[in-house]
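For reference, chains read A, B, C and D in written order, and residue numbers begin at 1 within each chain.
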Amino acid sequence: MKTAAAPTSPGPAALEAAQDAQRFGKPQRGWRRRGYEVIFESDTPAGHAFDVALIWAIVASIVVVILASVAPLAQRWGTWLQAAEWTFTLLFTAEYLARLACVDRPLRYARSFYGLIDLLSVAPTYLAVLVPGLHALIDVRVLRLLRIFRIFKLSRYASEMHFLASAIAASRRKILVFLGFVLMVVLVAGTLMYVVEGPEHGFTSIPTAMYWAVTTMTTVGFGDITPRTDLGRLIASSMMLLGWGVLAVPTGIVTAEMSSQRRSAAAEADPAPILRTLLQPGAARCCSACGSTGHQADAQFCRRCGTRLPAENRPPD
Amino acid sequence: MKTAAAPTSPGPAALEAAQDAQRFGKPQRGWRRRGYEVIFESDTPAGHAFDVALIWAIVASIVVVILASVAPLAQRWGTWLQAAEWTFTLLFTAEYLARLACVDRPLRYARSFYGLIDLLSVAPTYLAVLVPGLHALIDVRVLRLLRIFRIFKLSRYASEMHFLASAIAASRRKILVFLGFVLMVVLVAGTLMYVVEGPEHGFTSIPTAMYWAVTTMTTVGFGDITPRTDLGRLIASSMMLLGWGVLAVPTGIVTAEMSSQRRSAAAEADPAPILRTLLQPGAARCCSACGSTGHQADAQFCRRCGTRLPAENRPPD
Amino acid sequence: MKTAAAPTSPGPAALEAAQDAQRFGKPQRGWRRRGYEVIFESDTPAGHAFDVALIWAIVASIVVVILASVAPLAQRWGTWLQAAEWTFTLLFTAEYLARLACVDRPLRYARSFYGLIDLLSVAPTYLAVLVPGLHALIDVRVLRLLRIFRIFKLSRYASEMHFLASAIAASRRKILVFLGFVLMVVLVAGTLMYVVEGPEHGFTSIPTAMYWAVTTMTTVGFGDITPRTDLGRLIASSMMLLGWGVLAVPTGIVTAEMSSQRRSAAAEADPAPILRTLLQPGAARCCSACGSTGHQADAQFCRRCGTRLPAENRPPD
Amino acid sequence: MKTAAAPTSPGPAALEAAQDAQRFGKPQRGWRRRGYEVIFESDTPAGHAFDVALIWAIVASIVVVILASVAPLAQRWGTWLQAAEWTFTLLFTAEYLARLACVDRPLRYARSFYGLIDLLSVAPTYLAVLVPGLHALIDVRVLRLLRIFRIFKLSRYASEMHFLASAIAASRRKILVFLGFVLMVVLVAGTLMYVVEGPEHGFTSIPTAMYWAVTTMTTVGFGDITPRTDLGRLIASSMMLLGWGVLAVPTGIVTAEMSSQRRSAAAEADPAPILRTLLQPGAARCCSACGSTGHQADAQFCRRCGTRLPAENRPPD
């Protein structure tokens, strides 16, 4: 079995660094070049230390936002949390300005994904100060959400994320077709339950019924809406078996395939050897000329070298 | 590992188009032939544009049906939704009549799956008008369901659906046996819980207990019926472990198989090298010339220096 | 890839028939031999017809038992259901006596698995008549359960069930270890929640907490008991991620393995071919001497014939 | 396909025994050597009997702790359970002292994982007696938890556990990245629901919303918190499809891969043979001498007559 070994050529992280240097313009010399090497690259000890410090700062700031949302904690520690939030905002502002300063094409960086994330990380706190009536317009919860987006600053440090993203992109057509099929089933089954159960049992509209259908087919099963009629329960059972079966049936088929391949390749201990011999005649036949195994049960000639195979199973050991 | 390459011969969509042309009778000449090419086929720009427009119309009409079922929206926008519904009905009626007109054997099309779907797409609105007392006989919800079936008009545009359908058809015996086994467990376990818990705990009859057993084995777990007695909870735990184990155990076995095959092919870092050598004989073959390890299990030559490799395991250094 | 083809030797069903003939003693001649061929074997048209009729009778009798447990139906159709139940009981009694009559060693059959199931299928109805006070001693629900066991008579007709059973038996050690590990986690996590949440939040004893732990780890989630404290919810989240991760992580790993193998074997369309070439140098290298592919990225010599490989990737077509 | 064969060298259990003998110091002679062989090793009949007895004692003591937590049982059988608990404590104390006595380096054993578990198994009961006010300080439930940790004494008897542990350790980076990704989704989606639904619908803080997001993405779905707004239900549906899709999509992709490989290797019955031939070039290679099909994809010789096969697809009949 052939596996893909780790490449000895430059890894994905280094390639991305090279691409960024081209796209944003790495300065030629001076303190700006040094700043670029520290902030954008990770080769030097200073660059690596900067990355580590920034990761901790991001994680810590997220924790502050999470804690600030818990009412008892906000009451007790409100001033400290506010102070921490301002500290992080100033820190990230400094980082953002430093990034802009240390590239040749700052507008290009500002318009890139990470540039926008960096801006979004600091904007809420300034908005809350500069636009006094903001609290009345936007719920403070929305500001919390915008701060939470700082988590995306972390993904520049995990190259596996990009590998995951490209793997998903490569299979996107299959995923879309699969999703389309699931949505079709959710639509039809949901409407069916809407007809059968009706608003008096909780299925007040087709969108509500579709929401219930999704909770049922994905085997989540909140239980806020449940079928009461016998026909409804029958349809629900079919949907549950379908949603679970989509996971269970292929898993079983794949396992059966692999098991039968393993049994073709090597004899397995079995309480009734005669039975196994009769059931799987070809299980452990071995070509006398080239020694290959795994021949189909009805094969009479070796597929690798053409020599005639023995008819019966040679008992193992 | 050899995979099935993409075919260079005509794809499934083109083959189906050819089959349809034979079955329904593509006209030889005139506007009917041009109409057939636009409506039934997608080769020409007009044909492709027709398909895109029809897909959007289908999706839009489904959205209208969904929105019409939400009571607040129906109250506010009722007239507009009605008008949209009539527009779509007239559109689909025109499409249906056009399809019938542009084939040589219209009755054959009318009796085919898509012909029936097309008829079902427009029938409810006409029925509601032509049969005034229909509202009293059939719930308006049923009419919504019939309109929802328009979604199946979309599946002629997704050839992957047919691939999926034929894959399922090919494995139908395995699926039926698996379902049969699951139903048997649901029946016996459900009746067992009916005996143990009884009607006073919600298990009012065997069908109800079977419905609960399905929600439990498929790990949905609505919670509308739950076991209260200790023995009932014990049986329920076994069922849950069975339903989840059917997914988890094969997944674990398959992963273990693939991992052990990978480890056979390439050496992996291990805290106790002696242990690994003794456990996996082929893992640490060592090239006598250059000393490299990690050779694939079926390799006969060293990939680094080209020297022939020994067949059995030599202990490393 | 080597697959196990269907054997051309006698199938498992025929082998079982041969085993039964040996074990129970197929009569040599006369009407008893003819009876054996019809009842126990399926080769002749009469034997096949008997099997089909019996399967329908079993399914119908199970439906009768299920319907009899639904109170409204029992009230309305009670007499008919009773009559049907007696009909089936007499039918199955006749079948049981016929089986005993047509073998040479009836006691052996009576003690076998199917013999006991056959006896259990008819016993409840007779018991209910012969032992008048039975209703007071055993709940009628228990009698329903015993009748439900007739479903096991069906499994003699599905040879795939035996295949499934032997596959499970072959992996029983792995399954037991896996179950043991899950039970250990359930015990420790359940007790932990019992300590953290306590009886006032529903976790009244360690068995109850273990039941909750099972519903959580198997992702069923009834919701009859839920954690209220923050620490309890944190522990619960870990358990949920563990129970779901046991399914998701191996699935993801297996898919990643297969994807990388596919990419080693054939080039895949990619929006940035240069990037892919740099990231996976060995993806489509082909040995000029023997033509094999799938070489590891750091290989310099072909592992099959020892010839030196080209260093860079040859772009596909 | 080459699988890792069962090693003929000493198994992992024996290797661990050897490592323990080195680490803790197996005595050279006398009763201490005999004691070491019985207690720490399993080669002799006495050693094996000791292991079996100890396993039963551990299981029995865990059962006692579990039963003692059930209030009705504690009331009825309190004295007996207490007596049993003291018996086991004394038993395990004797075992612990015996282990310490029969090694040359007792402090090393006392500091090892199993040494600490052994100490933790007996400590609670002594603490409860020696420190009278302990009940007021530590809930008796905590003492139960400490006793439950005796279950870990069992894992020295299951070498598969270590195999499982090392398999997980080998993949820990992949697992961490996967978990990191899941946590990122949980954080963002949870905060989004916190914004959309708000405290009046149960989403009182970001941690609470994250707990709900975990129950939803892992398809557990307790139902203690559920979305009420339409937008919230839409976001919830996306999360459910994501959590379930992570399991379903790879499973489907893997199954499709394996099915297509199987179909490459052997011809499968198909209602449109022309279609299949055109779609899967390698499927219908035909031996020119005997005309058989269904050859494996890597076969070079016909398995029925030994003649060399053509490389490309020849149309059948």
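Operating definition for what follows: a contact is a pair of C-beta atoms (placed from the backbone, for glycine too) under 8 Å apart; a residue touches a chain by one contact, two chains touch by 3 or more.
Computed from a prediction, not measured in an experiment: that's the story for all the values here.
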Between A-D and A-B, the pair with more C-beta contacts | A-D
How would you label the chain C and chain D contact, same or different, if same means the shared numbers make up over half of all numbers there?
-> different
Taking mean CA positions as centres, which chain lies farthest from chain B?
-> D
When each of B-D, C-D or A-C is compared with B-C, the one sharing over half of the residue-numbered contact pairs turns out to be C-D
Report, in whole Å, the distance between the mean C-alpha point of chain A and the mean C-alpha point of chain D.
-> 22
Where chain C touches two or more other chains simultaneously, the residues are 1-3, 5, 174, 207, 210, 219-223, 243, 247, 251, 253-254, 256-257, 261-262, 265, 294-296, 298
Touch graph of the chains shown: is it line, ring, star, complete or other?
-> complete
In the complex with chain B, residue positions of chain C that touch it | 1, 62, 65-66, 69-71, 139, 141-142, 144-145, 148-149, 151-152, 154-155, 158, 160-161, 164, 171, 174-175, 178-179, 182, 207-208, 210-211, 214-215, 217-224, 243, 246-247, 250-251, 253-254, 257, 261-262, 265-266, 294-296, 298-308
Chain C residues within the chain D interface of the complex = 1-3, 5, 173-174, 177, 180-181, 184, 187-188, 191-192, 194-195, 198, 204-207, 210, 216, 219-223, 226, 230, 233-234, 236-237, 240-241, 243-245, 247-249, 251-256, 258, 262
Touch list for chain D against partner chain B, complex = 1-5, 7, 9-10, 12, 15, 166-167, 170, 219-223, 247, 256-257, 259-261, 263-264, 268, 272, 275, 278-282, 297-298
